[in-house]
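Some structures are shown below for you to check.
Here come two complexes built around chain A, the first alongside chain B, the second alongside chain C.
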Partner chain A sequence: MKGMSSLNPQSDNQIPHLFARLLNKLQVAGDTIHTPIEIDEENAQLLFIKSVIDGNQLQNTIIKPFFELASEKRFLQYLDSLPNKIEIVDEETLLVELTRGMLLINVQQRYVLIDIKKVNTDSVQITSLEPTIYGPQGGLSESLETNINLLRQRYAEPSLAVEITTLTDRSKSVLAILYDKEVVDTEVLDTVRKRLGQLNNPLIQSTADLELYLNQEKFALFPSTLLTERPDRIVYNLAGGKVIIMLDGSPQVTMAPAVFFDFMVSMDDHYHNFWTSISTTFLRYAGLFTCTVLPALYVAIISYNPDVIRTELALTVAGSRIGVPYPSYIEVIFMLVFIELLTEASIRLPKAVSATATTVGGLILGTAVVEAALASNIMIIVVSLVAISTFVIPINEMSFSVRATRFFLLLYATLFGLAGVIIGFVGIIMYLANKESFGKPYLKFYWKNRSEEIKGGLKK
Partner chain B sequence: MNRFLYYLIFINMIANIIASVPRILILEKSNGAIIAMVLGTIAGLLITYITIKFYNAFPGKNLMELLKIYTPKWFSISVLIYFAANWYIAGSITLVTFTFVLIRFLTPEMPIITIAISLLIVVSSSLLIKTKSILYMIEITIVIFSPLIIFFLMKSVFNDVFEIDFVKIALMHINELPNYSAFTASTYLYIGIVNMAVFNTFFMKRIKLGILPLLILGAGGLFVISLTYFVPIGIGGFDKIDDLIYPWISTSDSIRMKFGIIERLTFFFLLVFLAIAILSISIHWHGACRLLQSALGLEKFKWKGHDLSPIFCAILFSFVSFLLILYLSEGQLFSYTTYFFNLLPVFFGISMVVFLVIKRRAAK
Partner chain C sequence: MRVFTLAIILLLSTVIQSGCAFKDIDKRILIVAIGIDPAENSEGYKVTLKIALPVASVKQASGPRFAYFTEESETVGESLRILETHIDKVLEFGHVKAIVINEELFKDGIEDFMDYFTRRADIQLIAYVIAARPSAEEILKIEPDTEAASTVSLLNFFDDTGTESPYITTSFLFQFRRDYLGKGIDSFVPIIETNEEKNELIVNKAIVSGEGSDPIVLDQIKTKYYNSLFKSKAGMDYKVEDDNLTFMLYIDKVKMSYKIIEEDKKPTSIKINAKFVGIIGQSNHALSQDKLNHYNELSEKAIKEKMTDFFKTLQEAGLDPGFGLRYRATRLNSDGLYEKWEEAYKDLPIDINVTVKLKSTGALE
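The block that comes next holds the complex of A and B.
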């Protein structure tokens, strides 16, 4: 019963067959409206769901013209020339379209589908995940069309390709793939298309969700696509040849492929002077290094090799640990878990309360822990340093991954001492170097320009 | 030349400092070590040149593929197994030596098995990763650690205790006939080039073989080997330096960094060279695994679509190394290492024969 033939109407009855069938299926939606409009002998029937259509548009572009034209024939001609007319494919899609805000009109035994949906999510949001000092402060909106509009405004290249498809899950969300046709890596593009085609998850609600499924790696620790909310970052990566995946209803987009160094770039780096941006970049990598290695180093030095550091420092550390009743690794794990809890709590709590959590956790408990001799003063410094350095990583996803990584290193240091820190560190590098993002190596230096590197020196 | 080739060569040059090369050279200090070092460098450069020239004829093909195409099965299998054994031993020497070094200098109370496990976990996982990833891993690690290596090498020469007079005494022995062990130990510095056998898959372009690359390699090799030999002598003195089992570690322990957070240079040395050692072992073992896979046709060895042969290699290699670590003494390790170095010319000879055979058959 799907197919064009079944759509041919029978208008002898009061309600056309198709309308009857659709109404039957839409029964559960209480806001379905089926209404005839009539003037003299001329009449037309409208079917729509009230909550998703724009009432003003309905009034201005459909009902008013009908009464002004006062002729079925002319009204049909008028409808046929509207730019927001949509092709009717079959009944199933028709149902989906109706739920999304289309209007079905039956006039002169013909059906016309008009897009008059109301979107309440097209306001541009202020960037909240990746704030910068300079550069644009507005992020994306939750509406796909507005987002594409935003990008087109910033990237006015005719070679910008937009492919629009629909997910096959329950949300039936509209999805757009954007890329610059001239610079895009076609291999990556094909992989993205292939993986999108393979998706068979029942419900995909946001880009972050989609990103996880696109990964196709069950036990991944590091993200292999980059999630961002900054239009300037998107445009920058678009020009670099990446593929952008946008999902309707998400204020973030995801980009593929992503390499490790992408996650360490803040957009501010492009707006600063040369040396300023070099030094902030250096600072960031120092932070990355500190937050992964420092807890492990603390355990290794205190418990295994206090003779590595100079004598004065070793004595200071030992003096600070007087009264702490357990070995250093328990101290570190205890304090690290504590700081992770604090971070987690301040993310989840409502903004009004989160200040209290920081004060109670950071200030009061920090002091009390030292006074109760449950952790040394130096431990508190180490833990705070670690926490602060974690926040230096510009992309939040990466900072979550790094938080997990340092526990691995801590374990290795606890078991194998100072040598374990170095061995574990090389092991992490090995893991990252072996990881791939959409067929591209994840951790690799691009000394020459990228295209030459990929084509020339190394075989793919 | 491709930068990854330089990495392969330089990693092995630097890694020799922790293997037995310095001790072998120092033992022969008055038996013609110096001329042997010069000759070893020349021989090493020659081997590098020939190897690169050979692989240039077959861009993007590794030795396993070449052997399969051009030589009979019995020949390729026996060569591959011989090569795999050499690769494995080269990696294991570094592994066992470093395990002994760690227990002697860094964590004496830790059971030797624990130390071995800590190294083996990471090293044997290098067998499981893609060959190309090994190259990326080398590059990242070198970039992170090279400032530290350069600092360490600078510090080992420019310090209060380094006496140039001892070096002058050592140089007085230039007029002796070269010693065989010292010669083979010096050629060991250039062993990195043989890894082309596995990694040539990724060198698609012809590698340029001008004067400059060879000059850089020669100068680099000479620089490293003279540091290897002269720094322990300059600091420990000429007469008694051969009493030390690990001349470099004891040497670096006599240097103090007055204003550093780490005061004794030896910890610096141990930790930085630990990273280099892991790279060197990973490269060799990875090579050994790939050669063995190809020799025994282990690619067919599959379970539910997963290739199990790297896991098989990892278990085998780790198990043998365990036995080596448990049952070898430091003295035995040293003498076996010397035997291995002394057999290096045989290895190079066989390589040359293999190259010749393949080249002839390919020309037909």
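The block that comes next holds the complex of A and C.
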């Protein structure tokens, strides 16, 4: 009970010590505030973390009464009778409580812990980019303070470090770097700091924007940091030792480093039982493979190597192509562009009208295209399959990248047939293997089981 | 900027692409079977192509549509070259699944034209080799009533996706070549026939041929024995007769092993162990479960007789289902090893031991 003895309020010398010790441990938080309040001879000391407490409440229930009562003794009595007073257990829990939004007051050599947590739920947005069935449905808000608050609520570790800086561009946005000091990879952290220091873009408006500049690669196809709006994903990655970059005004944060496989994880995987999550993961990779390779495979098989499919299928495909005037790759490009247009239109349209776009585009045009013999039936199946499997990729950024990849493969298939598809695919693998994300290889398998992964990279 | 210009030029160049390899599937015609007959007028061969025509809508199509092209020439390769000038589309050999050879051609040796098929890279070695009676052209032109749109019923016989029967022998091109040219083994090729109305295909016989020996035709029973003993094809019926009791066996598992007995470095006999497991499928008398052993013995005797007959026929014709190959494979290779075998094989005693294990009399008691 060493912790308890040090909380003993009788000893005069120990009082500043507890505050000093707490302050020392909370130093990484960056927004810890230790302030004395005094009137005449009476005084009290307050310790709290600014971003997680409610300023109004602090003003109304603590500071105002102190000045009105103007007596240490009465103030202490007042505090003792407050309903949101919390029992102090030991120093460790005290730290956790402080990070959650408690206020520690020292009056007349006694410590009182008051809950004046700031709750900001009303401004939190519902997740729209990465919806899950289970798990939290709320995402982040557009205010940095709230977001840090949200994360602290979910990740009540005193080792959670918050570094707040201001961007030097014209927006002068406030930027926060969050990491768990005990598990973070310092190399990555240094790279992030360095790259943030090197930023010289005139205007940065959102995290996605920032992500592109941090990437420091002019012609990148795949994202090298992971953009997310889900607090559970952030906390999961935080615990795993990643660095979170937050920008005030953005409902998304970005995380570094990221490997390819991070983009294929849905938070639902953690909420399902073993075989369910294995099979959905398998499904997702199958979808990834389908949406990259299928159009290219169609061209390669139809125009170069029809002998790899069954005779019956070959006959059906040949039959469905009767009357189609253009070669297969024109047909595929035409239909793919059409589907891309449809997807793009659905994003831009207001929600109320977007259903019309899909109906007109998908159903009516699809049928009409076949009727007019501009594309074959099988092509419509291929294109729909491709479109649907693109949406299976959990992180939107990655599905955008994959959409571009398939055109690259299509070009290879058109020029070199089935061998071209293989060569193109190997090319993509090579490109990915060559890529780095903040010094970490992009295509490396970091084999770890779930509990090891949560423990983080460096925690022993 | 230069990169983009290059990329755009490259992309545009695909529009005018009409190279030799890029051919859309609707500009190709799929050959599903090739038939070879002796030429009618001159020396050489008559080649028949069976071409499956694409169906625009499988649901509405009444049946399959095929086209046939025939050409006579001195060699098979020449005929195919000439046929290219008769058809406006590219001949696609990737889907050739059957090579149908007139039965007569087996007598004169078929090495020279079969060589063409194994050498051509686009004909897959998993094509079936089939003998045709009376002629390949006639067999190819038969379109059975059971044929559905977009399918080729000729092929359904030989892969096990369709019918499965112990009477049907399957011989792939790669296997045929190995067996035909290999020493100590001969090829068993199914014979395909038709009925008088020419609306059925019938496959229940086989022709055995090998390099340097005259082919023989196996009748239904012998074909069945070959398939069940050497290919472990199940689902066969055996008729067993004893005085006035007649019953049919329904065998669902056949296992055969054999051993070549040698004395003084010379093969002296072949010892065959065959095990049949099944039930009694039909009987003209009431059968008793207690007398299963008796039925086993009766069946063993009947089956042994048939098996002896089968092996005798092959031995007399100098054809080998694979004993010689086994002999060569399990002995240290030395000069004259195979000659020694060849000499001995003709009248090598075959010692057959049959075990029949009936699981039940087939009736519920």
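Methods note: the second predicted complex is superposed on the first by the 325 of 460 C-alpha atoms of A that agree within 3 Å, B and C clash if a C-alpha of one lies under 4 Å from a C-alpha of the other, contacts with A are read in each partner's own complex, and residues count from 1 in each chain.
Simple rule for what comes next: a residue touches a chain if its C-beta (ideal position, glycine included) is under 8 Å from a C-beta of that chain, and two chains touch if they have at least 3 such contacts.
Note that this is a predicted model, so its numbers are computed, not measured.
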First, second, both or neither for A:Gly241, with chain B first and chain C second: neither
Partner chain in contact with A:Pro223 - chain B first, chain C second, else both or neither: neither
Which superposed partner A:Leu418 touches (first chain B, second chain C, both, neither): first
Which of chain B and chain C A:Pro257 touches, first, second, both or neither: neither
Touching partner for A:Pro306 - first (chain B), second (chain C), both, neither: second
Partner chain in contact with A:Pro327 - chain B first, chain C second, else both or neither: second
Residue contacts on chain A - larger count, chain B or chain C: B
Partner chain(s) touched by A:Pro231 [first = chain B, second = chain C, both, neither]: neither
First, second, both or neither for A:Leu315, with chain B first and chain C second: second
Doubly contacted residues of chain A, that is, touched by chain B and again by chain C: 304-305, 307-308, 311, 415, 417
Residues of chain A defined as touching chain B within the complex: 304-305, 307-311, 313, 412, 415-420, 422-427, 429-430, 432-434, 441, 443-445, 447, 456-459
Sites on chain A touched by chain C in the complex: 302-308, 311-312, 314-322, 324, 327-330, 411, 414-415, 417
Chain B - residues contacting chain A, complex: 2-4, 60, 102, 106-107, 110, 114-115, 117-119, 121-122, 125-126, 129-130, 132-137, 139-141, 143-144, 201-205, 260-264, 267, 270-271, 274-275, 278-279, 282
Chain A-touching residues of chain C, taken from the complex the two chains share: 10-11, 14-15, 17, 21-26, 28, 30, 32, 52-58, 92, 94-95, 97, 122, 124, 150-152, 155
